[in-house]
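First chain written, first letter: the chains are A, B, C, D and E, and each begins at residue 1.
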Amino acid sequence: MQGFGKFSSKKAGLTPGTMVYVGDKKPEKPRITIIDYSQDTFTEKIVENIEDCFGYKDTGTVTWINVDGLHDLKLIEKLGRKFDVHQLILEDIVDTGQRPKIEDAETYLFIILRMIYFDDDENEIKSEQISLILNGTCVISFQETVGDIFDIIRDRIRTGAGKVRKMGADYLAYSLVDAIVDNYFSIIEKTGEKIEDMEEGLLNNPTFENLKTIHELKRGIIQLRRSIWPLREVVNSLEKGESPLIQKTTRVYLRDVYDHTIQVMDTVESFRDTVSGLLDVYLSSMSNRMNEVMKVLTVISTIFMPLTFITGLYGMNFNTEASPLNMPELNWKYGYVFMWSVTLIITVSMVAYFKRKKWF
Amino acid sequence: MQGFGKFSSKKAGLTPGTMVYVGDKKPEKPRITIIDYSQDTFTEKIVENIEDCFGYKDTGTVTWINVDGLHDLKLIEKLGRKFDVHQLILEDIVDTGQRPKIEDAETYLFIILRMIYFDDDENEIKSEQISLILNGTCVISFQETVGDIFDIIRDRIRTGAGKVRKMGADYLAYSLVDAIVDNYFSIIEKTGEKIEDMEEGLLNNPTFENLKTIHELKRGIIQLRRSIWPLREVVNSLEKGESPLIQKTTRVYLRDVYDHTIQVMDTVESFRDTVSGLLDVYLSSMSNRMNEVMKVLTVISTIFMPLTFITGLYGMNFNTEASPLNMPELNWKYGYVFMWSVTLIITVSMVAYFKRKKWF
Amino acid sequence: MQGFGKFSSKKAGLTPGTMVYVGDKKPEKPRITIIDYSQDTFTEKIVENIEDCFGYKDTGTVTWINVDGLHDLKLIEKLGRKFDVHQLILEDIVDTGQRPKIEDAETYLFIILRMIYFDDDENEIKSEQISLILNGTCVISFQETVGDIFDIIRDRIRTGAGKVRKMGADYLAYSLVDAIVDNYFSIIEKTGEKIEDMEEGLLNNPTFENLKTIHELKRGIIQLRRSIWPLREVVNSLEKGESPLIQKTTRVYLRDVYDHTIQVMDTVESFRDTVSGLLDVYLSSMSNRMNEVMKVLTVISTIFMPLTFITGLYGMNFNTEASPLNMPELNWKYGYVFMWSVTLIITVSMVAYFKRKKWF
Amino acid sequence: MQGFGKFSSKKAGLTPGTMVYVGDKKPEKPRITIIDYSQDTFTEKIVENIEDCFGYKDTGTVTWINVDGLHDLKLIEKLGRKFDVHQLILEDIVDTGQRPKIEDAETYLFIILRMIYFDDDENEIKSEQISLILNGTCVISFQETVGDIFDIIRDRIRTGAGKVRKMGADYLAYSLVDAIVDNYFSIIEKTGEKIEDMEEGLLNNPTFENLKTIHELKRGIIQLRRSIWPLREVVNSLEKGESPLIQKTTRVYLRDVYDHTIQVMDTVESFRDTVSGLLDVYLSSMSNRMNEVMKVLTVISTIFMPLTFITGLYGMNFNTEASPLNMPELNWKYGYVFMWSVTLIITVSMVAYFKRKKWF
Amino acid sequence: MQGFGKFSSKKAGLTPGTMVYVGDKKPEKPRITIIDYSQDTFTEKIVENIEDCFGYKDTGTVTWINVDGLHDLKLIEKLGRKFDVHQLILEDIVDTGQRPKIEDAETYLFIILRMIYFDDDENEIKSEQISLILNGTCVISFQETVGDIFDIIRDRIRTGAGKVRKMGADYLAYSLVDAIVDNYFSIIEKTGEKIEDMEEGLLNNPTFENLKTIHELKRGIIQLRRSIWPLREVVNSLEKGESPLIQKTTRVYLRDVYDHTIQVMDTVESFRDTVSGLLDVYLSSMSNRMNEVMKVLTVISTIFMPLTFITGLYGMNFNTEASPLNMPELNWKYGYVFMWSVTLIITVSMVAYFKRKKWF
């Protein structure tokens, strides 16, 4: 599975409409599942050959074909020819570095979305392309790998929970989009927690590790923004669009999904402001700490330099016998005591001075 | 009560329209108050069962049902069914992390607002979700906890002060929105005072505490902006919207509320600029202070290093007897005096040099 | 007179339309002046009671009622009732923290502007609210204090200079707006001079005072922007608006005022960029200066540390008699000369090194 | 000639439409040149009195009146009255701090542009106001001083080069605008060279002078942006506007000028980004250099402090005779050699340590 | 070939429509290639004289004339006259510093694009202007130098691969635009890799070289943005424009190109954010490193300064015989041991203190 916005030169120089799978995960064989249902009927099976799906095309019942794995280009081409899908759209399905978008091809709608997830191994936010084709009674969904994001929808269809069995293919498409958008909330939640954890540490004891975390968070937020902004447009087009494939009753639900994307976007924007504020805090703490270090150095130097001068002074070898002017202190009875007194006076007054200046 | 934009995974995988209370405060039992009035009549009571409200539905008088506490989902569902409220809207009412929004469901308007307040314990700006449903003669309001924000409206209705008793349910809804917007002014005022306090301290004696305060202010302002921008849209839609539920006479008042939200927004934006300016001032002060520390260190070192060299010089043990070239100063009559003269000359000229360079 | 955007809690919990004077300056008694004129007639007087104005209302001549001082709410209410002004607008007139705005109430236009001035005592840009009501033949203006900003208009009316006596109330309103906008130019000029003064000082000898001035300038510019952006909208609405109260001939003049506000805005925006550039210069100078200080310290330390080592070396007390290997230099004939030679060589080569590195 | 956006108080309190020349350059007498031409005829002369132009007004041939010098208000007023120019526009012509703008007065178009040039004396980008009035057959142009920017147009008219002699007054106006816009390219070119020169120096050897240059470049770019943005609007209005004074054939050429302004704008914007990037580079270099200085200081201190300690140690005067425990090293045969060995070991290991840490 | 947005004064003062080649690369002679094809026919040749192309003009088959090299102005003028191209457009073709743009001249479309490539010699992103003229059956393309970017299109036409032979001149124009846009992906990929390489190095071991690389990346990104933003507009105009020269079937393909430009733009924007984040990381690392250096210095100074004081102390020459108060330690039996004990205690406690403060 290829990162969003990573480009490969695999496709250079090919005629438009040439399908090239640019991802890197190749499961043994794509898994094709079919769910066909109406309010009263329900069929679910995993098929070996894509041709086995074709019988469900114009039955009047809602058919959901889900393809996990995009490397079998023949399979996807057959499916596309059966369902009259434009060659350029088939190209987009397998070119997995696409931005979320929606295309209204009159007889069907084509939707690209990005499912977002947190890769614990690489400690990074990653995304996978999910494509949907919706025509009157069918929804065809394409995923890069076998995933569990649509399992809750499958369960609802199986058990007849909620409204999904009572409504058409457009409601099914809405449910899939909704499942993907809901998934964003968990990333948002995780990111929010990370920010808070880091913030606390940062204010108490900033380290260079914090900077790395800030940098990672920033990158994650850039990633999130890049997925969410076009997602918002897609959902908005679905809701506001004029396609007769989306029923009015379903649009109310799409409005709800739209509100969710707005909420996600809004939170991501505020994360962005917060993280950029944290960088300022980090830099300020660093500069503050440097200040502290400098003060210690200065205090130490300022106290000991005069003292060292004094000890150096009385370590001089002027010939006291040559002249009584030469270092008479050395022969005083209280010379050493006198020297210590001077030393102490200097030390104490220095310390007092720095105390008053609030240097420590 | 859940923070705005904090997400919980409580809701993952549920069918759309499933109500889940995501907040954390569960009062003993929701408090339901009914106020029913016309220009001449007035009834107010606290009811135990939600069914007791239903009689007021189509009486021609204005009815205000206020529900404090959102954890009793059954209660809210009953109310929703009675007033023909869409399931998705009921879901929004109890999902208390919503962004302010307005929805025109033709027979009624649904409004989500956020009441903002300052939590002294956590020293943070917090917000609580308030939902309003307005149909021809009823206003139903939902609050997360028992609050006092609407008390002034209740008083006006009771005493017949102002126009509220003379006008319809739309004016009541306006009054509630107005009360919430007015509440923003007090947070704005408090934030403004904090900024000014801090600014003064910052210019005279910046500390690391200032940085923390700046950071908190920034976060507060991010919070405020997130609440106010959508609030502005809500109020604008109310005023400009085409819903026949809002009378023309009420729109004049909504225009006034709109002006208030603009004023709040405008002030928050200028707070933002000011606080970001304060960060610059903080950083500059820090760098200025470091400069001062460095100067002290440099002055001290520059004065004492040559002196220490001199004392070291005359502390050397060259054999003066081996050669008259070896440290003859030690045997001079005025050797020590000479040494002190050199020392003083160096010190004085260094001090003069730094004075001229304005280092202290 | 209350600062723009400072909120007071005086108004919390009052019914909409309740007039509250939120300012703090209460002159003995509001001053009411009436100027009534046509091309041929001219009357000017100061009246004691507001009722004395009412006779001028429907005379066909242009009437200008100016009220200086807003604390006498009764007076303003009487005036409002006489001229059919909406209660919410009366509230706005006395609530002196308003943003510039215009409201078209069909029979009259209501305009709020902010007169800007420089308060020398507090060294700050301040603003005062000026409200205008324009109906067919009357202009009513409200000022917070007795001011001289409209004196030039009065002179023109008295002497019949310009076109004002030949044209209607809309031209008078234009003249008042023009006088207020012209006033911005003087603040802009003053701010421009301050920036230039500071810039010069900053490039030659930056001090911490510069930072404070930059901060004050920034705040002043924030203030200016907040006043000018809505002002522009107000003037634009006046010019482009569809109110029949503004004649086509007057719109040409309003276009001129609009150009002025654009020019002011444009200059304020460039001030903003310039001041933010000055902050960069300040910070860079500071860092540059720190560099200089550090270099001095390093040069001094690097020169004297080896010297001090050498003097320390020959100050050691190894027993030269115990072994000829023990510090034979001490007994050399040219030992002291040798030591000085080494010292000088080190010093000279250090100085040469730093010279080459352009450290001083 | 007054800087763009510098305001003078000369105009305060004057009736609208009062002409005041706010510039500071007063040539002996304005120079008036007339060029009158058609495809076949050509007349060019310098006239003493403005009245001498009036004969050319309605001759059917294209007439270009150019006035250099704006301080003779009488002259401009006479010209304005003859050509029916609104008083406010005459005011704008002589008020030389205007922003570029276009006004469609139905019978004529009024255009203000700013001619930009580099003042080598003050090392600053400056601008001069040029006003154009275009009616059916005449173009009147006003310049602040005698300039050579229009000489190429004059040459083309004289020699009949290009299309100018074949086309109407609108093409002449286009040619003048084009000459002014072309002039921007030379400033852009010069600024581009400055940026490149500076960039090279900055990356190799940043000095405080670089900072000043960056600051000057920034100011120049602010100036340029302020002139170009409104210029773009002016040219766009000319091209897209509905004035019948501009023929369709000329609009194609105006489209070309528009492309040029876009190109200038685009380049100025990229200059802005580049210069702001250079500031970052400057600051980073400074901080890098400070780092280098600090390292030198630290290396020197770290090497010599232990050495100085050692020499101090053996400079102590403990009585070796009082006890064999007191500094026996002093009496060792290889004491001095031992001491030097320790010294060298310390030095070498320190140097090795810093080498490994890549400090030098 | 001239850099985009570098201006030359070669063109100053010329009549509009004068063609001037501003580039600097002059191949021996421009190379003219003609490809003429329909679904069944195919002709390809390199011609010596431009007149040899003219026969292909109105044959009904699709004709593609490609001119490599723009310095032969006569040639281009002849071509322009034959194909009725406006003089201003011919000027644009040879003025190679143009911004991407599209012009609809009714009978033909004129498109300027920039082909972007990485110049390994100068380590910089560079661009070359490519102009296209599309009328009913012909596409004329102009390149500054002989390039290989269109070779893949030539191959497809020769071999009849893809749809190009089946469709009209508009599809050919689309193919050329598509080839240019595809080329951006390789630059994007290369830039992306550079950013990642640098990021890794930066987080582990930041050097001044990193800063230079960041600066170069920033400049490259500025260049990319300047090319891509107008490119997007061009492609959008092609797709959405109303020109009858573009068939509906081709618009679907243009939509695909548009998606690609959006994707490129989106990636460039995220590069911009990332690189600006890297600068922050660099600066923070620098400041962090300075902190480390300062700590070393402070630790060393703080440990050795007291020790040096002690050794200085016992190096003083107070006369122990003059008084028993004078430095009795010198004559103690365990004097030296005592002195070493004090020294060790100080050192150990200092080290412990700094360990606790986590300074090393």
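Here is the rule we use: a residue touches a chain if its C-beta (ideal position, glycine included) is under 8 Å from a C-beta of that chain, and two chains touch if they have at least 3 such contacts.
Small disclaimer: the values here were computed from a predicted structure and weren't measured.
Enquirer: Which chains, if any, touch chain B and chain D both?
Expert: For chain B paired with chain D, the chains in contact with each are C, in label order.
Enquirer: Quick check on the contact network: minimum steps from chain C to chain E?
Expert: Minimum number of steps from chain C to chain E: 2.
Enquirer: Since chain D and chain E are copies that touch, is their contact same (over half of the numbers shared) or different (under half)?
Expert: Shared-number fraction below one half, so different.
Enquirer: Please work out the Cα centroid separation of chain B and chain C, and write it as a whole number of Å.
Expert: Centre-to-centre distance between chain B and chain C: 26 Å.
Enquirer: Measuring centre to centre with CA averages, how many angstrom lie between chain A and chain D?
Expert: Inter-chain centre distance comes to 42 Å.
Enquirer: Can you pull out the residues of chain B that are in contact with at least two other chains?
Expert: Correct list: 283, 287, 290, 294, 297, 301, 305, 308, 312, 315-317, 327.
Enquirer: For the protein chains shown, what form does their contact graph take: line, ring, star, complete or other?
Expert: ring
Enquirer: Flag every residue of chain D that touches chain C in the complex, lowest number first.
Expert: Contact set of chain D toward chain C: 5-9, 11-13, 15-17, 86, 88, 97-99, 101, 103, 208, 211-212, 215, 218-219, 222, 226, 230, 279, 282-283, 286-287, 289-290, 293-294, 296-297, 300-301, 304-305, 307-308, 311-312, 314-317, 320, 327, 329-337, 339.
Enquirer: Quick one: in the complex, what on chain B touches chain C?
Expert: Per the stated touch rule, the residues are 152, 156, 161-164, 175, 178, 182, 185-186, 188-189, 192, 203, 252-253, 255-256, 259, 262-263, 266-267, 270, 273-274, 277, 280-281, 283-285, 287-288, 290-291, 294-295, 297-298, 301-302, 305-306, 308-309, 312-313, 315-319, 322-323, 325-327, 359.
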